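In the two complexes below, subunit A is the common chain; its partner is subunit B in one and subunit C in the other.
Our next item is the complex of A and B:
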């Protein structure tokens, strides 16, 4: 028996365990994809039918439903705005916490995370009442504000830890060369933490894209988001599982694409810095 | 004038049926937008320019209502917008809006079981304020008495009507006629006979199960079906002093029946089944019979959605040991939000009046908003249920309309479920108890004893 064979045999249990772990995650996703392609009368066949003639009918129905299209575009707009504003706030804030000295820095850093300590549903009714008075219910601005309140604290904390990992000498050299702090941040420090920026961007986008509780209560017919719009297929007479699954796939799509595009940065971001 | 209008409506409906049966892709006649409404001696345009926003649940009847609402706008100049969201989320949003008095939703499709809660808090207006206002309502034209009497009584709290029934349903026994014929079974007259038919038809080896009832936990799920058994066994929710008595002998026997038939004859996992799962299983041909809403007929009789279309029989609930058949009382009730400014309240009432009126109900019943649209099986007016043309449209079987109409008239029970402000909590406590008994975590007696104790606590608060 060669050395290589022994090694691969030893690796077998580990590979099997990994396959099981991946299957746990992948099977429900594949199930949804399969349901979105099955003819209606095959969806509930027992035992489940693995071979079937795929149909795109459910996608036609989903995309033909005005609410779904509007939901997807609303979600895209809100999630993109949330992502950009989160970066705009969390990058300078994280840098300030990591590098600058100012009064109450430590307690302020701690309180940044304070709002994350209660479950979001705890703030639902206060937000509803406040939004109702401020006429922010069912507006893009309102829901983006809510998502910022969720993503900014975490993003600031995340970016701070990434900035702390960048050697001070790098920017000190830049400062000595006559760079302003802002310029040093953009030119020297930021390129070192691209992975962290990608992680922050993707996480804040996904949070806003998938969020349901706030979207269902604080938005209505005007700013309906995709995860809420999909609920229109749970009708009082029947659940339209086909279009429901097709919409779920459409909602998953952008997140998967985004994650794949940023994969390298994300892996770098997760293995660098705070998570090391 | 009214006779002529009615006849005209019938003729139009008949034309519609012809178009429908010929497979016309779209409704082929243009609607008379305001003719039948001109007979009402009110000024429909008195609130022109108002805008109201209404929360509704996704259902084919609201799709139809929404599709014909532009006719209301043309008639009155009142603009109506809708938000569509499933029942559970809708209830949460409605209660939040009402309790915070934010007035976002002029009306919504309310669960009548919540009306006592709304009424006791004055979150909505009693409808007699509008019904008795001659400027806003022509009582003779509207004919409130024609609306299904028990639905109205169900929506009445402390002698006043708080929500207008616009659509409703009854639960009936739905069975596979072909399987019954094959086995020489007769539709069961009693609950014991129902158990017997389930036993004889039960063939899990052939993937055919004897019976399914809602097992999923919830005030509107298992507590939508079990109360019929409870009442048919003679159960009383409260004694003369208002103390809960769900653990009476009748209660325990009703729960024992429910648990035993489902454990023996239902597909595995029935404790997680709500009506869509039951209906899908029946449509896939794996369940012989179920008891649920008559409205499911429009799906299970559609060959594109069901493998058993055309092989189905319908009958009223089997009788319980007391000799009573007890069906559900369900309707979607539309209230007027009390937090609205006066003019918006009036505009909302005009919309509710229009929606619940005979012309709108009749027209929406067969309105085809899409080529594969189904017919409404829950119109709110007795006169439409008796109408030969409407009965022809819903003739899934020769006696379907009679089964529903007779259930509506004879099998409804005002005490089907306790109509008190504490219902939301009571419903949940009972739902948990029933599911615990079904999955065998507690015996029916234990489950109901515990639930009864919990209900006492809820009511004492």
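Our next item is the complex of A and C:
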């Protein structure tokens, strides 16, 4: 047996594992996309029909449903606001934890991380009680405020790790040249962590866009979010698979696009916790 | 029990943190340090104010609520009841059942994720071509809207006869089943779903750890004629141990928070077959509208998560400290 055959035979299980991995995680997603484009009569044909004339009928139905359209725009608004506020709050905090000396720095950082340990179900009851008194139920402000509780701890921690990677010398040089700390932060340090800002932005947007528990209890008809609205196609009386799949694609589409744009950074952001 | 500061006004942030003990170290500190500390508190102030308002105050409210009887369907029976809710919990068969389901769900799915993630990481560690495609593929399940993932599994994948996975099961000769409707199959089905969602996380972390392993021991082992199994058992596994422990700890803590996908797929049913503690607390509070008892259940859940975090953190620290 020649050397080349040995290596190619050795590679066989690896190639097989690769194909299995891609199939296991990609096929279900493609299946949703295919269903969303199938004519109604083809959705339930067995064996599954792989060749069909694509139709946008289900998307028309989905977007023609007031609840879905409003859900998508509410979700987009709330996720964008959450992302912007998260950046506004967490960039300065991350910088301070990474660079400045101040009393109780470690305990405060630990506190920030620790707040995200609590399961969201734990916050539902207090938020419900508080929001019904403060008249914040079913308002954009209320739900954005709650989403900050999910995104701020994570974002502060992520930004801190990115600021720690910036060489101190850069900033010290700027300080020596007469820059104030604020100016040095904006002009010299911030451009070095644009990657980190992008990951923080993308992940806080995705988290808010995907959120379900708070949205299901603390919002109603006015501020209904897309992940809650999609349940409307799956009632006990009828299951509209076509429009359901189309809505699923509309909800997951933006997330997938963002993930494709920033995949390396997101993988780093998601797995960072395992290495620190 | 009135949460007075749920909504931080602008400018409240720095003020709130200036009240922290020790924030003003008096005249002892050098002027430069003093200015640095003040700037720092200005920068971290808003984040602390937000977290205080949306995370610490709510937890205190939760603790308070668990000592009251609050039933929205019967508003007239309210009042302070002390630890009665907790006493009721200990006698509640459904509570103990939900704990059992949580344990099975969490431990089984994390074990499966570890086995599959490690297998994939080992098998794919040397693959050069297609890394980009692979990264996208494994990224998908982790970032897709969990509640939509749950609904997709419930409909397009697991519906008897028409779901893709049920069709596969028929092709494999296993027959068609009501995967989520049969109490004997439902828990297994949601465990498989959770494993599908989160094996990629284990895979990514372990693949990165594998890539960072030193080469020298392997060269020495090859010279000594070690078999692949020996190399795995006596080199790779011990070297990966810290990464494995870390990933298991993180997955266990996050699995304890699982809610969306399982809620969408089964809602805890059929009956209580897939009712993890999270779902039971949610059902008590927002389906039966018994907020006081729901608060006691979620407090118990919080304590479990906290305990698990502390215990797992210790284990992780011990493993990292050992040679």
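What we mean here is this: the second predicted complex is superposed on the first by the 241 of 276 C-alpha atoms of A that agree within 3 Å, B and C clash if a C-alpha of one lies under 4 Å from a C-alpha of the other, contacts with A are read in each partner's own complex, and residues count from 1 in each chain.
FYI, contacts are C-beta pairs under 8 Å (C-beta built on N, C-alpha and C of every residue); 3 or more make two chains touch, one makes a residue touch a chain.
All values reported here derive from a predicted model rather than from experimental measurement.
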Clash-or-fit label for the pair subunit B, subunit C on subunit A: clash
First (subunit B), second (subunit C), both or neither touched by A:220: first
Touched partner set for A:129, first subunit B, second subunit C, both or neither: both
Partner chain(s) touched by A:234 [first = subunit B, second = subunit C, both, neither]: both
Partner chain in contact with A:41 - subunit B first, subunit C second, else both or neither: first
Which of subunit B and subunit C A:67 touches, first, second, both or neither: first
First (subunit B), second (subunit C), both or neither touched by A:119: second
Which superposed partner A:137 touches (first subunit B, second subunit C, both, neither): first
Residue contacts with subunit A in the superposition, subunit B compared against subunit C: C
Partner chain(s) touched by A:52 [first = subunit B, second = subunit C, both, neither]: neither
Clashing subunit B stretch [against subunit C; choices 75-83, 93-101, 129-137 or 201-209]: 93-101
Intersection of subunit A interface sets (partners subunit B, subunit C): 43-44, 46, 125, 128-129, 217, 231, 234, 239
Of subunit A, residues touching subunit B in the complex: 40-41, 43-46, 67, 125, 128-129, 132, 137, 216-217, 220-221, 224, 228, 231-239
Residue ranges of subunit C touching subunit A (in the complex, touch as defined): 1-3, 6-7, 20, 22-23, 25, 33, 36-37, 39-44, 46-48, 50-51, 53-59, 61-62, 65, 70, 119-120, 123-124, 126-127, 130, 132-148, 151-152, 154-157, 161-162, 164, 167, 196, 200-201, 203-205, 208, 243, 246-247, 250, 253, 256-257, 259-260, 263-264, 278, 281-282, 285-286, 291, 294-295, 298-299, 301-302, 305-306, 309
Of subunit A, residues touching subunit C in the complex: 13-15, 17-18, 21-22, 24-29, 31-32, 35, 43-44, 46-48, 88-90, 92-93, 95-97, 100-105, 108, 111-112, 115, 117-131, 133-134, 136, 145-146, 148-149, 152-153, 156, 181, 206, 209-210, 212-213, 217, 227, 230-231, 234, 239, 241, 244-245, 248, 251-252, 255-256, 259-260, 263-264, 266-267, 270-271, 273-275
Partner subunit A, residues of subunit B touching it in the complex: 53, 57-60, 81-87, 89, 92-93, 96, 100, 102, 104, 207, 276, 279-281, 283-284, 286, 295-296, 298-299, 304-307, 374
